[in-house]
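To keep things clear, I will list the structure first and then write my remarks on it.
Chain nomenclature is as follows: A, B and C, assigned in order of appearance, with residue numbering initiated at 1 for each chain independently.
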Amino acid sequence: MFEYLLFSLLNTLVLGMLFFMLSSGLTLIFSMMGVLNFAHASFYMLGAYFGYQISAVFGFGPALLLAPLAVGVLGALVERYGLRSVHKYGHVAELLFTVGLAFIIEEAVNLIWGRNAVTYPVPNFLDFSLFTLFTTSFSAYRAFMLLISVGIFAGVYLVLTRTRIGLIIQASLTHPQGVSALGHNVPAVFMLVFGGGSALAGLAGVIGGIFLITEPAMAATLGPIVFVVIVVGGMGSLTGALVASLLLAAIQTFAVGIDVSLGDIFARIGFQMSPGGLLKDLWRIKISHTGPILPYLFMVLMLMFRPKGLMGKRES
Amino acid sequence: MLLFMRRYGIWLAAVIVCVVLPYIFTSRLSLTLFCQMGIALIFALSYNMLLGQGGMLSFGHAVFYGIGGFLAMHALNKISGGTLPLPIELLPLVGGLGGLAAGIVFGWLSTERSGTTFALISLGIGELIAASALMLPSFFGGEEGISANRMVQTTLTGFRFGKQIEVYFLIAFWAIVSAALMYLHTKTPLGRVANAVRDNPERAAFIGYNTRAVRTLQFSLSAFFAGIAGGLFAINYEIITAETVGALASGSVLMMTYVGGVGHFFGPILGAILVTFMQVSLAGITHAWLLYFGLLFVGMVLWAPTGMAGIIMMHEPVWKAGLMKRLLPSYLLIALPSLVMFVGVMILVEINYHLSLSINPEAALQLFGIRFKAQSPVAWSTAILLAAIGFVFFRAAKRKVSRSWDEVTQTMKGGAV
Amino acid sequence: MSTPALKLAGVRKNFGSSQIINGVDLEVSRAERHAIIGPNGAGKSTLFNLISGFYQVSAGYIELGGHIISGLPPHRINRLGLSRSFQVTNIFPKMSVFENIRCALLWSMGYRYSFWHFCDRLKRVNEKTEQILEMIHLADRRHIPAAMLAYAEQRALEIGITIAGDTNVILLDEPTAGMSLSETERAVELIHKVTQDKTLVIVEHDMSVVFNLADRISVLVYGEIVATDTPDNIRQNQEVQEAYLGKEIA
């Protein structure tokens, strides 16, 4: 039991920090620009594929640096030449632009790398077991992921609190109108944040592509999860995004291990029922299978009852 | 008589077209295509009741399409089992009522707020239903879905629905009825107030309307028509899987509606016809059709946000003023570089698909009757050159188009004063 | 004395720690035209937002014809017979002028959420819409989308939407703001006409408009009403002059 708990916790931490790397950029973009960027997870996917391609040629080290950079530049270009020109048509158009972009990126990945998952292996120098406790071992790569994501977290935190641009970004999280009134170059800040957020997503892709899987459907799988994170965490709150990331990672990690169904629970407290039809299905669902629906349930309830999110400062 | 024709002429024409169409295009493929178009058309129109009329951007509209379809399929099985004495022609109503019931519940849950919050809730509900579809096999039939046989004894028309053309007429009938009802709905107090709530919910509250109630009603009625489309889906394919409630179906109805144009009633009809046509015809020719579709969609968002219907209606006053001939030269001027650019992009796309997907990338591929190797540098550089040249001239021509538009609007304004 | 059309008792509003409205008591009797004046930031618009249900009161209560309305959502308050206009033009931009007005009177004429009537066949509704369009001088602009109207026309439409529902109590928030002199004159004339026999509460900066229209005036300073009286008395009130009117009157 202790072994299970400990490793589930560790895995929660690894997955949660990955979610956070993705969602921090998205929540910054969403709160500052009001754009719900459907293509954010697509940048994550591009990061993974770029990482795969670059490591195949130059090795993992250069990939770790170059892939996020490339994705960041791409993100900035998308903001400058795409989003900015649809801005005048309103939020719906901006949103649909990112939906279409996600669509195109997925097809383009199909086009270039094929429809199946690519083999994107753990780099050699990290391919060993860091420690073994009881019977389970913890790989060095997971530790490395944790290290990178904590490092990034610290970096983002420092940029936001210690630099001028960081202070402008922070101010525009809560008062987007006020900042432009103060005469800052808001379009440039937007481009920077969009590029930076995309680069973070790209980095998450480079390391997450190895950890999870690198395939054309990876964006569509992870995209909604990241939305859930920013909704649950709340508008404009990086701390909220962090908490929500860990929370969702915990749900996904722990739910898998609980092999109990609703029927079992009722049986335990003395209700023996054997319903038919739809109810029978409900009765049989094991908690471990609810992993895919729990985040969405969580998000819908949150939006209905507390649209500010856990730590949000304002409503969208 | 003249007044009658002016008012109902377009509907009469629609009926005539629907009746005549299968006798002009008699192939099996075109008949299947028309059936799909009819279903898509109802679905897209119902989506526009949300987006165009009510200002609600939904990412989960397929939930009602799918639920309607599954309910209709279960009902169809009951009909053929003899336990439900319902004529099959009325089966889409079962789908519609199912959609309506689901629409009332989910509508009430999601319409407290509009805008991004609404969009996210609809996304969440869509994902929720899609994910739980596989956990509730007794309703959604698990991986393989549910199937039924539409050839049943209880019919009103005497059709046995063994032939596709009989199914076609059923779909055409429901498409025209649904389209007419949705059109009439735009003329009712609720339809108009839905516009008011879309434009300015705050003000709508101060003229006595509970905005959430307006949105919920509009949402439910829209779900009703989506359910009808789902019911027709069940009859047409005789099989339905959990994919129909999924994000892809929701996304595609959104895209077809938007491409058609959300600002005019007939926009979604155009979108449904065009996109279904692309789906069926392009998918047969190239693997890359989704990419072309995505490019078309983003192109529309960037350059023609009012959709096809918007572009057409933009020309109505110009046409009436007899100034079309002043616009045409610049249109021809922009058509050429667009075509060149498109051909360049297309060659690139096809080459890459050939390289990544075909069994033998070394084999030559054929485009426009020319056979060449995908690895050939000549092909690559030609493609890139075409795309680049096309793009440069496209930008120039775009300026020319907006200039001649300015001139035309100036002339019209001058004429009016 | 009969029940007042509108009554505010001990109404307070604070946002966080800042008090915007500091205990306002006010009674407006039926068919009275009542103006609220005061310097910028005195809380006039906040007061309107409280009365119309856009904000919730922090303390105190508001009555409309004897019914307590504080705590109700805006649409319920409107149905009880109160409508308002906005300081910043607040119309339905994509709809035609005609539709703007027609939508505004559907509820009061009983068609509510109907999807079984056709608007074009509702004779009474359309006649009344025409009347209002005539009254606000926009009859010949009826097919134009509201967003395309000139500013003064939009202000007139704003008033038209406000009065369309035929409510007993009407709140107008700076109806003449930003208008030229001649436009203001026409607007005052319009307000006179459309508020015949109705209770009007108006916030206005233009003193000529205020003294022209109002039966009584309340002066709001820093969230408190410092005086309520007839225009003549207000003009002579020492306290008011010091607090607010000083320069303009003298």
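Assume a residue touches a chain if its C-beta (ideal position, glycine included) is under 8 Å from a C-beta of that chain, and two chains touch if they have at least 3 such contacts.
None of the values given here were measured: they were computed from a predicted structure.
> Where each step is a move between two chains that touch, what is the least number of such steps from subunit B to subunit C?
1
> By count of C-beta pairs in contact, what is the leading chain pair?
A-B
> Which chain is most remote from subunit B in terms of Cα centres?
The most distant chain relative to subunit B turns out to be C.
> Could you put a whole-Å number on the gap between the CA centroids of subunit B and subunit C?
Distance between chain centres, rounded to whole Å: 44 Å.
> CA centre of subunit A versus CA centre of subunit C: separation in Å?
The computed centroid separation for subunit A versus subunit C comes out at 49 Å.
> Which integer distance in Å separates the CA centroid of subunit A from that of subunit B?
Chain centroid spacing, subunit A to subunit B, equals 31 Å.
> Hey, which residues of subunit B end up touching subunit A in the complex?
51, 57, 109-110, 112-113, 115-117, 119-121, 123-125, 127-128, 131-132, 135-139, 247, 251, 254-255, 258, 288, 290-291, 293-295, 297-298, 301-302, 305, 349, 352-353, 356-357
> Help me check something: in the complex, which residues belonging to subunit C touch subunit B?
Interface residues on the subunit C side: 52, 54, 73-75, 78-79, 83-84, 86, 90-95, 99, 102-104, 106-108, 111-120, 161, 164-165.
> Name, in rising order, each residue of subunit A that touches subunit B in their complex.
On the subunit A side, the touching residues are 34, 36, 82, 85-86, 89, 91-93, 95-97, 99-101, 103-104, 107-108, 110-115, 220, 224, 227-228, 231, 277-278, 280-282, 285, 289-290, 292-293, 296-297, 299-300, 303-304, 307, 315-316.
> Taking the touch rule as given, give the residues of subunit B at its contact with subunit C in the complex, in rising order.
Spelled out, the residues of subunit B in touch with subunit C are 184-185, 187-193, 195-196, 198-200, 202-211, 213-214, 217, 221.
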